[in-house]
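In what follows, structures are represented as structure tokens.
One chain, chain A, links the two complexes that follow: it is found with chain B in the first and with chain C in the second.
Take a look at the complex of A and B:
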């Protein structure tokens, strides 16, 4: 009995092991046939997932609640980039503090800037605040390549998706039709959502707002809001007293009641400014996918921000 | 555990060993002199030089002008620290070091607020990250540190007698100020480079912790230096390992490993006492 039992046990173990090995081999084969895509931010990661579907493995490096200007590289980043077939960067010097050394350290020739596996997502999108003519120091803060927070405009999201579709089709020509179909589906859902957002934001066209960092020009322009000032006198520089006083005066004069802040900045200064302007509010919006827990993809990012913003504007304007 | 990651970490490991080597030795002097925060102060003065170069319109990505500017400021810092030592009877030298640190840091903020372009990237550029160091940088750093190491080896008795007992050395007619300038200048040269590679926190640990660890177990210079070197190397390797194993930012992981190692050594100390 014992003997039979142990034999049947062994057989069972063997069968289980065989199934495990087979499924493991399956996963490995599957992983190999998928294209490894690494993106700088979760926004690009989300769009890459929309277009790539189950033909790609997407890894986003910067988390949505992190300031994408400052990312602390970790050992896993190097491994991820080393194994990437495609790297998608935000570009416009947003990642200049951390990406170039990371790409060099990865020793992956396929994804170096200029190589076919490197995609600068900002190449074909609408970029705001590009200075024209000679840049002089008297102009103060000027970003020579324009504002890098361009993904906060659904139209640009569509253009990014197109660029990713074209790039993926180039890297995996066999799946071209699949990527095209995925893109069309994303395009349709985005267009439907845009109609909804436009309707929600329509009553507040022309409202003036203040933002902390210059992250929102594309977003505000898209929904017809006007950014008239920044809490930061210039990016990365703490507010000076005279700048803060000027801002409070400007907000009182033009009856601006809303200060939009990114989640990675302290609310102290914005709150202090809001306290001095009657009826003013501070609102934290998500500048990226993953910036708050609820926002898990690109369309939800706008869903969340538009609803929050419309809610706040409704209170302020009474419309 | 994915061991293939270590082939990418090789430059960082080499850099950390080179930094551990020279800083454990310089740390001995720094702790003896009681100028614990002098490296932070000199690093900040060097950053001010770099910030001024950027403000003057030099491209922050073209490192050569920036590097020479920060070097020039380091030498100015060395002069300041060598000169203020004369007043040590009334005011502790550490007070001047703290003041230089605060003023230099604030001056960096002021300078960057006047600079063209996005100031937010500049802070990152002045402070390195050990994970992104490349072989050419490691090689050049090794050569520079070797030269400074030889210089310190040749004049080791002079530097040591000033660090241990400056009053007696001055009484013998040695120009303490001149030698102090040489010490702070060579020290500043090392610190500026190390900070550009590894960042402020990590460099501070490489300088002070091995030296303190050595002092826990011995009063003699030789054994202290040996303990410091062994500690610096072991903690670097262990910190790298933790960083990979738990996927944590490398520099901060090594800093905390230094802290844990020091606690462990302090706890183990009574055992050695009794033996």
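Take a look at the complex of A and C:
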């Protein structure tokens, strides 16, 4: 019984300490009067920072160099989501394996799906590869609501920024003009950068490439490149020898010299494929902000990828 | 109707023809007004039908591909199907506006169906075990899950288990994620928050079986699983994630707790601490307590003995998962220690047991693991079983798994069992993500 009493005392002390800490945390938060925004990925986090400026505290859960399909719903994330006034999800079932238990465990009514503090960033953007016929798991890990890697298109970044501007204005109406001005500034910079990227990529329109996973349809479509094969035989299924042989033959037949890989996949198979195709190269592009050290924001993401891609294509095509 | 009446009026006016200059001018004006009126009505109807058609398309999940990057195109038309919160449902703190529809939206009739999945657990055994033999081949369990958001305030999870002994509700509970006071409340039949293994369904265990200590002290595969209420709260502090959980159950967990009176409830308490040591490594510690009446004093359905079982447990988990290469490499090390104090005819038994295990992912589809077990028996602590296992697991995909386990157990009675166990696990449908 003494043991139980002692445990009970300790628990009580902990609870009191917790309440004090919570009160203190609340005071600090009020003093700063910033909206806590939590995003699934660093891309959404970067756009939220662009629009929210110093009126928001942004926390991104998945790192840019990790596979966003396989994030662990760690308890430390529960703490971050618990304090959020706004949660911004990628949607299209990208986070289906980890976000639902996080939201349920967060004890935060404000950011539950359907609540004002929950924003699905995919609601009004251009989504590609929406299945039209019947789909089964025999096709691999297909996304029934379309390809969720839609942020890799600057136009979609602009639409995401608009949605965030509207949502932040709804949650903090007093700062509506501030968010509008921040959005306009982002829009201007993005538009100027797009002209630059278009000019850089113009000579390579129509070039055929291979990618590891189906992460790049928006990016490649935006810059006029054609994806004609994947290192994965089916989405989420690791490379198989027979598929690899077929892919090598296809690359030789169609003179495809570039394999684009995300940083979280092993380079072993892509490199082996490239070694069998004369003149072929493997290029690791950043699929997200933070995918490589140099990519610190959304505009930088395209700056990095476009320059790297154009450099590689220049070597390959001689243009 | 009104349009039809107006048409008839115009037609009649045309048939009557000119009557006189003054009346003709009046008629022309009337006609013009009528035509103008008709035009307005037609436009209104056209607009109305357009809106209704758009709403219907949105409801059915018709998803067009909008033109790329039209400026300020937000709010044009929702692509993911949504439903409005029912009138009167939006209370204080509750969600408002549109709720997402989960699952595929290919047909309107399926919109409100829960996510449904079935997981098959096929087991095989070879070798010798004279104390606790399992069949050579068995469809050990087929678990059907039904999961959905109930309303703006709760979600429901049902797990029905079909096995050789029949069908049962393994779990079926409501979760209220938006209760004031930062509480997470669950109501229904559920696996109790006692330690780690007790909370896990068979298909997410890193072994084909459960540790010996679970079988000896915590009622085996069923574990502490009962109808009850669970309340969990985050304990705010600047250092670690800390969660305290209190649970009250009916008091019936077969093989562990038995309730012969309404007041013979069982209780479970759990404290969990978690900390990220680095981005790649974290540590998860827990302490648990459970108490309830046991069946040893029950005679003719009357609890004459009023005997009680107390359980204490501590658990520790270390995870390593390099973020950039998480799909290829990871490690999970786990240990649980349990103490049982069981009152029974002939005196009190104090039993202790533990297991230590490790599971290493060494390639995208491959895991290797090991486990060491040692546990006394709850009803006779003088009998002590010990064992060890090594495992190899292969994942053809995220949705199926093949596992082999070599297990050697030295039973307290003396015999030693050497067995090769194997398992096929396969999942169809949409099975919700498990808590971490």
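Please note the rule applied: the second predicted complex is superposed on the first by the 278 of 319 C-alpha atoms of A that agree within 3 Å, B and C clash if a C-alpha of one lies under 4 Å from a C-alpha of the other, contacts with A are read in each partner's own complex, and residues count from 1 in each chain.
One rule holds in what follows: a contact is a pair of C-beta atoms (placed from the backbone, for glycine too) under 8 Å apart; a residue touches a chain by one contact, two chains touch by 3 or more.
Worth saying up front: this structure is predicted, and the values here are computed from it rather than measured.
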Joint occupancy of chain A by chain B and chain C, clash or fit: clash
Chain B or chain C, by number of chain A residues touched: C
Chain B versus chain C as contact partner of A:114, first or second or both or neither: second
Contacts of A:163 with chain B and chain C, given as first, second, both or neither: second
Partner chain(s) touched by A:233 [first = chain B, second = chain C, both, neither]: first
Partner chain(s) touched by A:154 [first = chain B, second = chain C, both, neither]: second
Partner chain in contact with A:123 - chain B first, chain C second, else both or neither: second
Partner chain in contact with A:106 - chain B first, chain C second, else both or neither: both
Against chain B, colliding segment of chain C, chosen among 127-135, 289-297 or 361-369: 127-135
Doubly contacted chain A residues - partners chain C and chain B: 70, 72-76, 78-79, 82, 96-98, 101, 104-107, 137, 140-141, 144, 236-238
Chain C-touching residues of chain A, taken from the complex the two chains share: 11, 14-15, 17-19, 21-22, 25, 63, 65-67, 70, 72-76, 78-79, 82, 91-92, 96-101, 103-109, 112-116, 120, 122-124, 126-128, 130, 137, 140-141, 144-146, 153-156, 158-159, 162-163, 166, 187, 222, 236-238, 263-266
Chain A contact footprint on chain C (complex, rising order): 63, 65-69, 71-80, 85, 93-100, 104, 149, 152, 155, 175, 177-179, 182-184, 233-238, 241-244, 271-272, 274-276, 279, 282, 284, 319, 321, 323-328, 364-365, 397-399, 428, 432-436
For the chain A and chain B complex, residues of the former touching the latter: 69-70, 72-76, 78-79, 82, 93, 96-98, 101-102, 104-107, 135-137, 139-144, 233-238, 240
Residue ranges of chain B in contact with chain A within the complex: 2, 4-5, 8-9, 11, 57, 61, 109, 112-125, 129, 131-134, 243-244, 247-250, 252
